[in-house]
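Below are two complexes that have chain A in common, paired first with chain B and then with chain C.
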Partner chain A sequence: MYRHTLLKIVAIATLSFLFVPLLLIMVTAFNSGDTISIFIDGFSLRWFFKVFKSRSLVNALKFSLKLGLLSAVLGVVIGIFASIALTRRPGKVSNALLNLFLSSSLIPGVVMGYVLFQCIVVTLQIPLAYALMIGHILIVLPYSIRLISAGLKNCDVSIEEAARTLGCRPVMAFLLVVLPDLKGAILSAFMMGFINSFNNIPVSMYLKGPGMNTLPYAMMSYIEYTFDPTVSALSVMIMLFTLFCMIAIDRIAGKRSR
Partner chain B sequence: MSFAELRKICVSYDRKNLILKDLDLDIHEGELLSLLGPSGCGKTTTLRVIAGLMDTVGGTFTVDGRDMTHVKVHDRGFGVVFQSYALFPHLTVRDNIGFGLRMRKMEKKEAGIKVEKVAELCGIGEYLDRFPKQLSGGQRQRVALARALVIEPKLLLLDEPLSNLDAQLRIQMRTSIKKIQQELGITTVFVTHDQEECFSISDRVAIMDRGRIVQCASPEDIYHNPANEMIARFVGFKNFYPGSVYRALCSSADESALCCSRPVDIRIGSEGLAGRIDVRTYLGSSYQYEISTEKGSFTAVLGEENIYKVGDCVKLSILKEKIVNVGK
Partner chain C sequence: MKKSVYICFLIVPVVIVLCTLILPLVLQIIPTFTRPAIGLGNYIRFFQDDLNRSIFLRSVRLSVITTLLCILVGVPTAYYLSMQSEKRRRLLNSLILFPLLTNAVIRSFAWISILSKQGFLNQLLKLLHLPQGTFLYTDGAIVVGSVYLFLPIMINTLSPIMENIGTETVEAAHSLGARPVRVFFEIILPLSFSGVLIAGVMVFGGAISAYTTPSMLGGNKKMMLSTLLYQQSGTLANWDAASLISVIMLVCSLGVMKLFNSLAKRIDKREAGNV
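After this line comes the complex of A and B, so read on.
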């Protein structure tokens, strides 16, 4: 009984530590007053409208959405090809490569951003817009390779062979039979990739050029100069959006395993 | 000339060790030929070579006089049933069966009729709108078979199709497979490691061992005249001794070769090789005796009309035509 109570306390403490700040942000977002404060003057949605009036935030939101979608799409496409190559020829080399590709999720973003900046911007002189794109694809890639290669490993190889014996060319067999089976994995990979690209600061920080403000970066600079709850309101919207994505992933991925 | 011929087929995974070594196999039109052997003997590999799913490093494969060695899988037009069934999970039974016809760009209406006909033949007519997940193992098996049959293949290839089913369903399915095969007169190659299953439905059996075919004949032929000691043991022969030992049981037996016999063919009587009964086991309606003689131990099975006790001294004999020569 004692241990039970202790467990409860620890659990509640941990969860509070994780969620109370989020709740506080949510409270501040609905403040009708002019400052970020949990002692709110009254209920108001005005900061939510203010978000869309701030040109810097709206532009950054558009830019981040574009960047996130594009890098998630490209990351997933590359991930599909990489996963095919890595899972269809199992062996020491492909296992090592698989781990290598996944390792970029373990490298701190600051390090990756710096390395990319040094290599592709300074040395190779690649324009910053492309460099930022490459950086974000690298953020997406570990998620996409991990999820899609796991999906491919679960997929029976003889399904593809069966399609070929029924008159399908190899590429068609993949598109008609294997890809539909991977739908869940691909969608999860896309959403995970998108969320991670959308939330990323360190890589963008090194690689963004003039006029290329990503949303998290714009938010940071906004609170540097202004102390009103606009960013809180934006945070609430991002949280809800992320929650929506997560539920969608769960529905789609969960459906398959059921 | 046979319908399909494999000549000197060699297969290697690593370019060093050969999985199949100069394999020759003839498949006659309309027959059900089984490839039988222990796991790792190359029977599935042989089937994959025929299907075109595996590259060879040497040899030729012809069907109906046409060289198929380098024809791609999707152009061969053979029906294959995989061990795991390999049904397409996102398609209904109807679309699974119709997949091959869709690839052949057959008109929808015509394809629909064909799908229903073949589903009826395989006994799954009522499940056409279900998904593979909603079917039992036996039903999935039938869908896989229907999907392979609907394209009217020149060759039907079955890779251990019954190994995932329980014992009762297995017997039921193998009878259906045989029935459908005979009804359509379709040339079929069946891979299995189950001797009983194989002998019960095959017209001919090719027994494989370490990448070679060691005997290819009718089940009856293999049962009565096994080509070597391994096969003889496999089909129930015992009492393996040189011909000189068998001389003591039958004066006209051949001298040199390795011979064997079935326990039921050993006779106990007043003449022949003297021995003593060591062990007696009851088999239900007959007894099995282990008899030690000065030449070695023999196994005999006798009916209940003459029952011997352990320790009895007896004399063993055998008819010459019951002695089977297994070479060497």
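After this line comes the complex of A and C, so read on.
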């Protein structure tokens, strides 16, 4: 096949543009000196320990993990039921509802945060913890419904019907026949939902309260006041975690297609 | 199963989305057109203010530049990816996905450490005995950060479209003696044009609604609509202005997206008709 050198150069330049900044951050995390610099004074792991000494970062990390897990679980469970209803009764109404559910991913994050803040906190005066929960379920929902309903469409309905004609009750047929087939889609939806909730800034920013600071926002405020490699070290850890999630999704999704 | 069971399945998400997002959004939008008088008075007043107008124009300008840069770099890269063997393509695609799943704070932080006063770029310039400059908190910094943010979306949206064009057409053109550049401009680009349009609009919508990157790389010096919205609502509690900016942002992202998507559909139909 014809290979064009110019094209290759552009592609390589693009890939380096995407990765060099992240690699630079990784290098700075191991600096033994006090500055964020690529010319590191020496190798040291002290910034990694410093992350765990910072109370605000550790608390925010714990809170973000809890919030992400809880909203991903709830978002996926709601998504499973909604996807069943949407795919088993296709039609105009289902299509309109699907668009409605997916719409929350199209609204700018800051607008969504502002509207949620106005509605839930100012008007309805619901406690911030619940407001944050609802906001993050809204972040997870589009991913979970899109991925799970796509998974359901790929499922062979005839196997479920066979189980039903052989006397299996609808709930059992779903649990024993459809759910195992759907495992990949559900886990991908969970991971995507978790990552997006974990990374979100605009919604959390509006709904944060005392003792409820999320990690990205805590990092943002940390960078504002102190500029040392602590954030680099934390970034390296988060990137490793993201990589782990990606490999997990790939394994799960890869297994299904085989 | 019965219809009522399905309705039960749907009631929770419908209530959440409608009652906490769509309905409150509409309730925020309506007063901007009716209070104090019915009409566009609030919007006219908003745009008469020099600062507001400059922020709006900057948002649009920087988002357009970001989109064009993403197209310029993303289209050839996606084309290159589509030419690779399946195994390599999968690896490269997931490599490109990685920055997309990495926190926007980390990605902006990387650019802060490159562009700041004592950043990598200035360290490099110092080594080369070149004059150093201020790069952070400029329009350029926001554009670089936004391109960095949305380039993966561009490439990942385009590469499956480029793959679908199929090697037969391309190889036919090659064997008939067309040079690669000509193949690119006369086959690949026309056939993927609607895809480029859709991906471009996604980038534009994303760039104009992003908060983290403009706030970290532009700061208070170079404000965008999103940072202005947070300043008005988060710190100043100026709800009227905040609702107004929300509507403008919605029109700029969702409105433009809908417009261009229908345009892309029309182009697709015309193409299909021609073939």
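Here is the rule we use: the second predicted complex is superposed on the first by the 255 of 258 C-alpha atoms of A that agree within 3 Å, B and C clash if a C-alpha of one lies under 4 Å from a C-alpha of the other, contacts with A are read in each partner's own complex, and residues count from 1 in each chain.
Note that a contact is a pair of C-beta atoms (placed from the backbone, for glycine too) under 8 Å apart; a residue touches a chain by one contact, two chains touch by 3 or more.
Because the structure is predicted, anything quoted here is derived from the model rather than measured.
Peer 1: Quick check on the superposition: with chain A as the shared anchor, is it clash or fit for chain B versus chain C?
Peer 2: Fit: chain B and chain C sit side by side once superposed on chain A.
Peer 1: Is A:L61 in contact with chain B, with chain C, with both, or with neither (first, second, both, neither)?
Peer 2: neither
Peer 1: Looking at the overlay, does A:L128 come into contact with chain B only (first), chain C only (second), both, or neither?
Peer 2: Once the two structures are laid over each other on A, A:L128 reaches no partner at all.
Peer 1: Examine A:R169 and indicate which partner it touches, taking first as chain B and second as chain C; both and neither are also allowed.
Peer 2: first
Peer 1: What is the contact status of A:L182 with respect to chain B (first) and chain C (second): first, second, both, or neither?
Peer 2: Neither partner.
Peer 1: Specify the partner with more touching residues on chain A, choosing between chain B and chain C.
Peer 2: C
Peer 1: With the two structures laid over each other on chain A, which partner does A:I137 touch: chain B (first), chain C (second), both, or neither?
Peer 2: second
Peer 1: According to the stated criteria, A:S158 is in contact with first (chain B), second (chain C), both, or neither; which is it?
Peer 2: In the superposition, A:S158 touches chain B alone.
Peer 1: Where does A:M239 make contact in the superposed view: on chain B (first), on chain C (second), on both, or on neither?
Peer 2: second
Peer 1: With both complexes placed on chain A, how many Å separate the closest C-alpha atoms of chain B and chain C?
Peer 2: It comes out at 10 Å between the closest C-alpha atoms.
Peer 1: Report, in rising order, the residues of chain A that make contact with chain B in one complex and with chain C in the other.
Peer 2: Residues common to the chain A contacts of chain C and of chain B do not exist here, since the sets are disjoint.
Peer 1: So in the complex, the part of chain A that touches chain C is made up of which residues?
Peer 2: 1-4, 7-8, 10-11, 13-15, 17-19, 21-22, 24-25, 28, 35-39, 78-79, 81-82, 84-86, 88-89, 97, 100-101, 103-104, 106-112, 114-120, 123, 134, 137-138, 141, 145, 170, 195, 198-199, 201-202, 205-206, 216, 219-220, 223, 227, 231-232, 235, 238-239, 242-243, 245-246, 250
Peer 1: Along chain C, where are the residues that touch chain A in the complex?
Peer 2: Checking each residue of chain C against chain A gives 1, 3, 6-7, 9-10, 12-14, 16-18, 20-25, 27-28, 73-74, 76-77, 79-81, 83, 92, 94-99, 101-107, 109-114, 116, 118, 120, 123, 148, 151-152, 155, 167, 171, 174, 180-181, 205, 208-212, 215-216, 226, 229-230, 233-234, 239, 242, 246, 249-250, 253-254, 257.
Peer 1: Tell me, which parts of chain A touch chain B in their complex?
Peer 2: For this pair, the touching residues of chain A are 156, 158-159, 161-169, 172-173, 177, 180-181, 183.
Peer 1: How about chain B: which of its residues touch chain A in the complex?
Peer 2: It is residues 51-53, 73-80, 82-84, 86-90, 99-100, 103-104, 147-148, 151 of chain B that touch chain A.
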